[in-house]
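Every chain is named by a letter (A, B and C) in the order it is written, and numbering of its residues begins at 1.
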Amino acid sequence: MLEIIFFLPKGPFYLNELSDDTSNKSNKLKISDIKTLEKAGKKDLTFFSSIHYKSCAIKTKAAACITTKNLEQYLPESCIKIVVKNVLYSTAKILKKFYPDADLDYPDKSLVESKKISSKFSSVIFGKNIFIGKKVKIGSKTHVGSNTIIEHDVQIGKNCLIGLNVTIKNAIIGNNVVIQDGCKVGVKGFGFIPLKDKNFRFSHIGRVILKDYVELGANCTIDRGSIGDTIIGENTFLDNQVHMAHNVKLGKNCMIAGQVGFAGSSTIGDNVSIGGQAGVSGHLKIGNNVRIGGGSGVVKDIPDNTTVMGYPAVPLKEFLKKGKNNGKQH
Amino acid sequence: MLEIIFFLPKGPFYLNELSDDTSNKSNKLKISDIKTLEKAGKKDLTFFSSIHYKSCAIKTKAAACITTKNLEQYLPESCIKIVVKNVLYSTAKILKKFYPDADLDYPDKSLVESKKISSKFSSVIFGKNIFIGKKVKIGSKTHVGSNTIIEHDVQIGKNCLIGLNVTIKNAIIGNNVVIQDGCKVGVKGFGFIPLKDKNFRFSHIGRVILKDYVELGANCTIDRGSIGDTIIGENTFLDNQVHMAHNVKLGKNCMIAGQVGFAGSSTIGDNVSIGGQAGVSGHLKIGNNVRIGGGSGVVKDIPDNTTVMGYPAVPLKEFLKKGKNNGKQH
Amino acid sequence: MLEIIFFLPKGPFYLNELSDDTSNKSNKLKISDIKTLEKAGKKDLTFFSSIHYKSCAIKTKAAACITTKNLEQYLPESCIKIVVKNVLYSTAKILKKFYPDADLDYPDKSLVESKKISSKFSSVIFGKNIFIGKKVKIGSKTHVGSNTIIEHDVQIGKNCLIGLNVTIKNAIIGNNVVIQDGCKVGVKGFGFIPLKDKNFRFSHIGRVILKDYVELGANCTIDRGSIGDTIIGENTFLDNQVHMAHNVKLGKNCMIAGQVGFAGSSTIGDNVSIGGQAGVSGHLKIGNNVRIGGGSGVVKDIPDNTTVMGYPAVPLKEFLKKGKNNGKQH
């Protein structure tokens, strides 16, 4: 089920059509797609922008890779290096060629009111004024509330409960999932190259994957992945007004309280609980069984089985000691 | 007006149908409902999970009570004690028997478009594409904005202004109340017994009570009570994106700024003002005339007439002194 | 384009109809409108409530001004002074006379479904179930998503992308603007005179101005101005769930991450970046090229080219030093 794609690449393109910086490269090479270092195959282009991803770069099977002068040494010899100054900007420009419609959420033109296609969904319980895009699949005994919109190709499992005024796009949703009123699932993330006068948007071709038994509280916003996916693991519950940015991976059996925010691309383990209004910065790795106190601001990785608190968040013991010391001072 | 109920109990059940742990109890006892320690009558079951509620336990009139080995001593002799390890889990399972449909927000199947039933609401001013459930009452001169959904049995007073894209369920709303665009009122709260693989949801049979002259800003989320109610007092105004969890009781004449969050079951007095993005933890008692600074995190009770600030929030004087001391250090 | 007004003043009124405190003033003077100190002309009334605005008061061309005993000395001799105890309350009462319908968001009664008036908008791409008020203008190649409401007199430029479940009122929107799903634009702000039993609302006659290339993330709330406007400059991007209160002026090329909150009337310069969940208090002046760390609470003015962090936010160097000192203590 996880191989559904929402955006089809244009192309293939010759490599020299994609980059200005390919003077001494094979311009007859045909590139089918642009993928992450791990997922790219021998017909794909990839990108390598940070030493953080060195271990993936060493093993990439990509035909070619956009990278910097400093990083190109880590790529396999067979991989054609396209050396640029700003990897993300060059990548964003090529992504836009492959996926010209994925940098914005163009409203789905295939929407049809559910009552006109109810025979296709005979085991689904619909409210009123619901719009469904083409190729949407919804499992049996799933409820869909009034004024909800489900765009093309979305898949929803069985026994789900989708609330009122919800919008879902670019998402694959398991069984027994609950999405409460007002959630916005699968929207384009906050990714762009900041430029004076006109920012350049990063195409978002990823998806939102909600595993079985997930619950989203009211008015949550879950961005889809940029190149990878945004994922919420089995039996993880989010309270109201949680914001999850693109590419976040949240494990299973987690409890995320109200108004928590996740910046992009962090990975959170299993059995993690996060108190209300806490924030998790981007590109972090939070271990399993971690507990983050309400209102905390997490700005670095947290190992397994740790309880943290504060702004910036520190282990609980340290947080309490600091409070005590401050207390002594006055 | 406050006796309207949104969920009708199944039953009655014999006590031994409700609990595994009733070997030496009267299995012929019929139980009509499950209620709080205060509200339970001689045909009702109740639950007692924390020494916090000792004073209520002593006086309960319930026929039987789910509790622990340590707590059973505080209950009246006449009350049958059902001793369990996890009071909330046992209570949740029994609640699910009495109220099998209250642990999820099943969309209301009785919704009808307002223009089809406008004769019933001749003194109400409706926008477009509004859906109304059965037995809804709306007072005269109340405006209801377009794309709004009001589910069954909701009561709304006169001279109210309900905005666009609002959803209201399980709520009793006074006169002259303003609810701005995008609010979600009466949704199920974030209450469940965390279990590996499949959390067990706590049924939410409570309501949202908005008293006269309340105002909710845009995109607020107000959860209904679990067993009791969530209440906002007269003339209390909330700014945009405020999140209020189940069972919170907010007094009258309060001013709650944008993006404030309330965890469950706290009680806040009258004339309280709370600055933007502040958070109030669960099960606290905040007094009258309290002022909480913007961005503060309140984690303990606050007496009347106190101004607090910081994370965790401390009295203003202490907060300023701490800042000064920190300032001296560098 | 910026001269569009959404609320027309009643009147003119004789000055003595507007104020109880005009015993020794010309009661034959006709007042056309109430405006800010800068914008008021010789037929207008204005108000002066804080020494903060002294420089504007000195130069005002208003016929009359509501002010206090302490402040009246700064007004031009020709300007009639109306001395009151509570300037904002007196102003609010007069505003209500001129604009009786601007203190609440009465749903637009002129809404018509877009498909009934599609000939008027032949170059606009509409989804389903969209409602449009009278005199709305939408530029060519603009997309409007399903279940969206655009109230009377709103202007939207060309090549814009308005998402699903959006509501827009009292707003003037440039070209190439993106508004993602669930945004509420142009709602009444959180402005009122707190009174026991029944607060007195401040009429909101201002607008929301979104300049070219602005982007709003999902579920943002942007309040309209009270007397002035709320403005977002060219090429400024907001992430999801940002809350912007009345009268905020945000410059161009800014990046505002998720769940940031702006209290009323602050002015933020160009090229400002603000991390997730940060808050900016009211009536501040944030300079150009300022960087505010995620989760920070900004409570005073920030000069150009400064990076701040913390709660309350201090320059980065100071924030890091404080962390270090705290670290040394234990």
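Assume contacts are C-beta pairs under 8 Å (C-beta built on N, C-alpha and C of every residue); 3 or more make two chains touch, one makes a residue touch a chain.
If you're wondering where the values come from, they're calculated on a predicted model, not measured in any experiment.
The rotation relating subunit A to subunit C, fitted on Cα atoms, amounts to 120°, rounded to the nearest 5.
Counting the residue numbers used at the interface between subunit B and subunit C, under half appear in both copies, so the two copies meet with largely different residues.
Here the spacing of subunit B and subunit C, counted between their Cα centres, is 33 Å.
The set of subunit A residues that touch two or more partner chains comprises 129, 147, 165, 182, 219, 241, 259, 277, 311, 326. Residues 125, 127-129, 143-147, 161, 163-165, 178, 180-182, 213, 215, 217-219, 234-235, 237, 239-241, 253, 255, 257-259, 276-277, 294-295, 310-311, 323, 326, 329-330 of subunit B touch subunit C in their complex. Within the complex formed with subunit C, the subunit A residues making contact are 104-109, 111, 113, 129, 131, 147, 149, 165, 167, 182, 184, 187-188, 190, 192, 194, 196-199, 219, 221, 223, 241, 243, 245, 259, 261, 263, 277, 279, 281, 297, 299, 311-312, 318, 321-322, 325-326.
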